[in-house]
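Quick notes on the structure that follows.
In this document, chain identifiers A, B and C correspond to the written order of the chains, with residue numbering beginning at 1 in each.
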Amino acid sequence: MKKKTLLTDILKHLFLLILALIVLTPIYYLIVTTFKSGTEAALHPMSLPSSFDFGRYVQAFHDMQYPRAFKNTLLITVGAVVGIIGASSMCGYVLNRKGKKKITQFIFLLILSGMMFPYQMSIMGLYKLIRGLGLMNSLLGVILIDIAINIPFATFLMKNFISTVPIELEEAAKIDGAGVFRTFATITFPLLKPVVATIAILNTLNVWNDFMGPLYFLQTRENDVILQEVYRNIGQFSTDWTSLFPMMVLGVLPLLIFYLFMQRYIISGVMAGSVKG
Amino acid sequence: MRRAYKVKNGAPYVIMVLPALVIFVTFFILPLIYTAKYSFYNWTNFSREITFNGLENYKAIFQDSILEKGITNTLIFAFVTVTVQSLISLPVSVFLNSKLKGRNVYRAIFFAPAVLSTLVVGYLWKYLMSSSDYGFINNLLMGMGLEKVNFLGDAKIALFAIITISVWQWFGWSMVIYLGSLQSISGELYEAASVDGANGFQQFWHITIPGLAPAIKINFVTSTISGLKVFDLVLSTTNGGPAHKTETILTLMFSKFSEGNYGYASAFGIVFLIVSMIVAAVMLGIFKKWEDRLG
Amino acid sequence: MKRKKALCVLLTAGMIAAMAAGCGGNGEDKAESKGKDSGNKTVTIMGWYDEDDMEGVIQAVNGQLGGDYTLEYTYVSLSDYNNVLGTQLASGEGPDIVLDGAEFPARITAGNVEEISGEEYVKEFSEAGFSLASKDGKIYGIPTYGWFSGIWYNKDILKECQVELPKTFDEFVSACEKIQAAGKQPMGFGLADGDTAQASLQGYLENSYYHNNSDNADGIEFDGKFASGEETLDGNINESVKKWYTLIEKKIITPEMLGISNQDALNSFKAGDVAFFNGGPWQYNEIKETGIQFGLMPQLSESGENVFTGGGPAASLGINVNAANKEGAQKAMEAFASVEVQKAFVEANPGSPSYRNGVESEMPEEYADIAECVNSGNIACNWDRWSVNMPAQTMIDESIAQIQGLVSGDLTPDEYVKAMDAKANAIRYEK
């Protein structure tokens, strides 16, 4: 019996190791290639680089106008995530606490419909709208779009979670004379920490890595995001391919670092987000 | 008096719903209405005004043989990706749910590609799969004495090469969803089954799979819907080529946008809406039947 | 209860207001963006040329402007260019100076650029320079410089394989076969993302269909008829496409090239591994740096006489009708038209001809074989002629995609031609 488990364990490990190798090799290749010349990369693709010269990173950092692009990406992500949490927590709260009313049920269904359909289908209308509102090339426009497309799922998670928050505390606060806002802000919202964390993590990944929105709606360079910098530089024919690799690394580095430190929370966030869904 | 109290009571609730509702309606519902409207208009970069032109855009779309290719590719991409992804991530998650050494490290590794930008992942794999002398995978194949494969340049396999990349990036995500669901299956069920003499596979089939039903549904429905949106990955690997063989609905829509043909692109959006509605309905229908059978 | 209804109404009103803002906002934003720029000293321009490549030109323009205005240049990658510029112009915004290539006629059609026929500086340019910037006898823009393309060749490989520099298309094909037999790669193509096969086909058509062809009585006038929809490519250019297809049949262009990027292909040429590579002056400095022995030759005709090579006005410059700084834009146009700035354009693109009187360009020694063709003005390309009634870049992109199909063996030359017709039918401005 014991022997058999040992054998299956070895087989499991073998399978998982091979899979891990397949997952890690491209990432390893991406990183080591940034330190190699074209010939070195072609001759010894898997070896460690012969020297660690960060000169190409400095160049890529400069070519991508990295600080500016990073700032834009960060502003959009933070703005959108804060907006999503703020709007969806309040909305989810009302949809749960006043859930018996016809109007709230209708609103819930309306918002829920946004979960079924990709917003990309209406991108032309969105384009018209953004232009009409004078929000073309503004970070605010992209932030509002990101909030709108992520509200349905966030509201859904919020509403479900709030149903597990006991209403008694709120009633106690009300008796003490606190208004609806104060009750929500001081009593209910602090109890939403787990679902807020889930929503924050899921949407940080979503918004940070969104390429299509900025591609359509941020067309001037001073407003563009990191991914657009990767796209514009790689789209250029005249660049040597080894110099593109540092750009790709810089393109994924912020979230990779975020992941290295927050790995546990990110994975449990994704898990929570799906189980509740 | 009682009435006044009620109104006072209601106003804050309305105010709390408004931000989400207004933003959602303005930036989600309204654009949809616009798109539907402009799909009947001649609206381009080059014309000085926007004029009504009836069903012309739709006629043009359905005369274009590329549309069919785009829809087929998108559907193949969505379904094959979802299926292969689950075929890999299901056993992986079952393994990682047992008391295996280093399972947290495995879990962290498998999920890692999901935090990378799809655009960058596409560029990276384009180099890995290149048929030039620099192409890493082809170097590997030739080192093993095999023939070069033109992964992204051969129209017959390019779409499947893109699917492989997508599976590489996202199987970890669905693994996490299965893991979450597995943890909620009570261990007692397995113990009872063991006592009854059920072997590993029987346990997997009769306990694990039904227990995972909700997670399977979530994985299939959400991944299929996001599969329909495939765009960044195609843009960065083949850009729809060779010879339009890997175009998807969204890459076609984007090229219409780039050409400045906005009315046509709008009609494309509506076609996309209809396709996703059908897909969603079919998926939900299938899962409803399955759930009914499971009881 | 009434109040509650009122709140519902309020809510709906809010949404309607938002909708109205969306619907009615088409024109209003123009005024906004204009207002904030009054008394402004910068003149904006956008382009697909690298900032580094444009540096000399920008300095020269600023020198001409003498501190009254400063030119501000923004780079947008070529793949995005039409999309970005078109969107901005359509919403009444965009840079003060509109720079565009084959799509410049589209900007004229859309009413995005001002007429400048009466300006003094217009007289300083040769007629050919306005081919993309004029409509119905009116002039809307000035050219920058003339671009042309050709075929880079590696002198050492030719010597090693004992191949003479080919003078006709047939000689070219047999030269390639000879190089192939010697175990070398005759031509480099990166068809995953490159336009070089399209350049090769276009060059061949220019020599053997549009010119030097007794079957085509219309010559280049054919393209006017095609652009307007009077003629189709099918039934006309098929034979020429089939002849060019020899390159594919003889495995000089191979399916493997579909998995290679343009940059990889150029790198192979630079490394001395490839005998021929379609390209042009914009790659000169890069190739020169490698130290290989190379030259540039034109595209080839059947007879070796009256040779044409691909090219035309590289880009035209016009004034945005909605320019935030119109006065500055006018001054900048004068600066762009000056000898100094036009010289700077040529310096950034070694050996390119200029349309400006008084600007001579000197060709590097490597251009000896193409000099005659360029100096006699035998530079042309069909998409420039198509651009009067269709977005030319779309046709180029379609041709690149369909040529991938030719190379992979999925399409025949006839199907290629039909596909190009279908595309043109779908995108003509006026049908």
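The working rule: a residue touches a chain if its C-beta (ideal position, glycine included) is under 8 Å from a C-beta of that chain, and two chains touch if they have at least 3 such contacts.
By chain, UniProt protein names: A = Carbohydrate ABC transporter membrane protein 2 (CUT1 family); B = Carbohydrate ABC transporter membrane protein 1 (CUT1 family); C = Carbohydrate ABC transporter substrate-binding protein (CUT1 family).
No experiment lies behind these values; they were computed from the predicted model shown.
Chain contacts here are complete: no pair of chains fails to touch.
Chain pair with the most C-beta contact pairs: A-B. A straight line joining the Cα centres of subunit B and subunit C is 36 Å long.
The centroid of the Cα atoms in subunit A and the matching centroid in subunit B are 15 Å apart.
Those residues of subunit C in touch with two or more other chains are numbered 22, 80, 83, 87, 261, 264. Counting partner chains per residue, subunit B shows two or more touched chains at residues 21, 25-26, 30, 34, 133-134, 257.
Among all residues of subunit A, those that touch two or more other chains are 38, 128-129, 231, 241.
Note for the complex: subunit A touches subunit B at residues 9, 12-13, 15-16, 19-20, 22-24, 26-27, 29-30, 38, 41-42, 45, 83, 86-88, 90-91, 93-95, 97-98, 104, 107, 110-111, 114, 116-129, 144-145, 147-149, 151-152, 155, 179-181, 184, 205, 208-209, 211-212, 216, 227, 230-231, 234, 241, 244, 248, 251-252, 255-256, 258-259, 263, 266-267, 270-272, 274-275, 277. The residues of subunit A lying in touch with subunit C in their complex are 38, 103, 128-129, 131-134, 136, 219-221, 231-233, 235-241. Of all the residues in subunit C, the ones that touch subunit A in their complex are 8, 21-26, 28-29, 32, 50, 74-80, 83-84, 87-88, 91, 93, 194, 261-264, 266-267, 282-283, 286.
Interface of subunit C with subunit B (complex): residues 1, 3-4, 7, 10-11, 14-15, 18-19, 22, 80, 82-83, 86-87, 89-90, 106, 109-111, 191-193, 255-261, 264-265, 268, 391, 394, 397, 400-402, 404-405, 407-408, 410-411, 422, 426-427, 429. Subunit B meets subunit C in the complex at residues 3, 6-7, 10-11, 14, 18, 21-22, 25-26, 30, 34, 44-48, 60, 64, 126, 129-135, 148, 150-155, 238-245, 255, 257-261.
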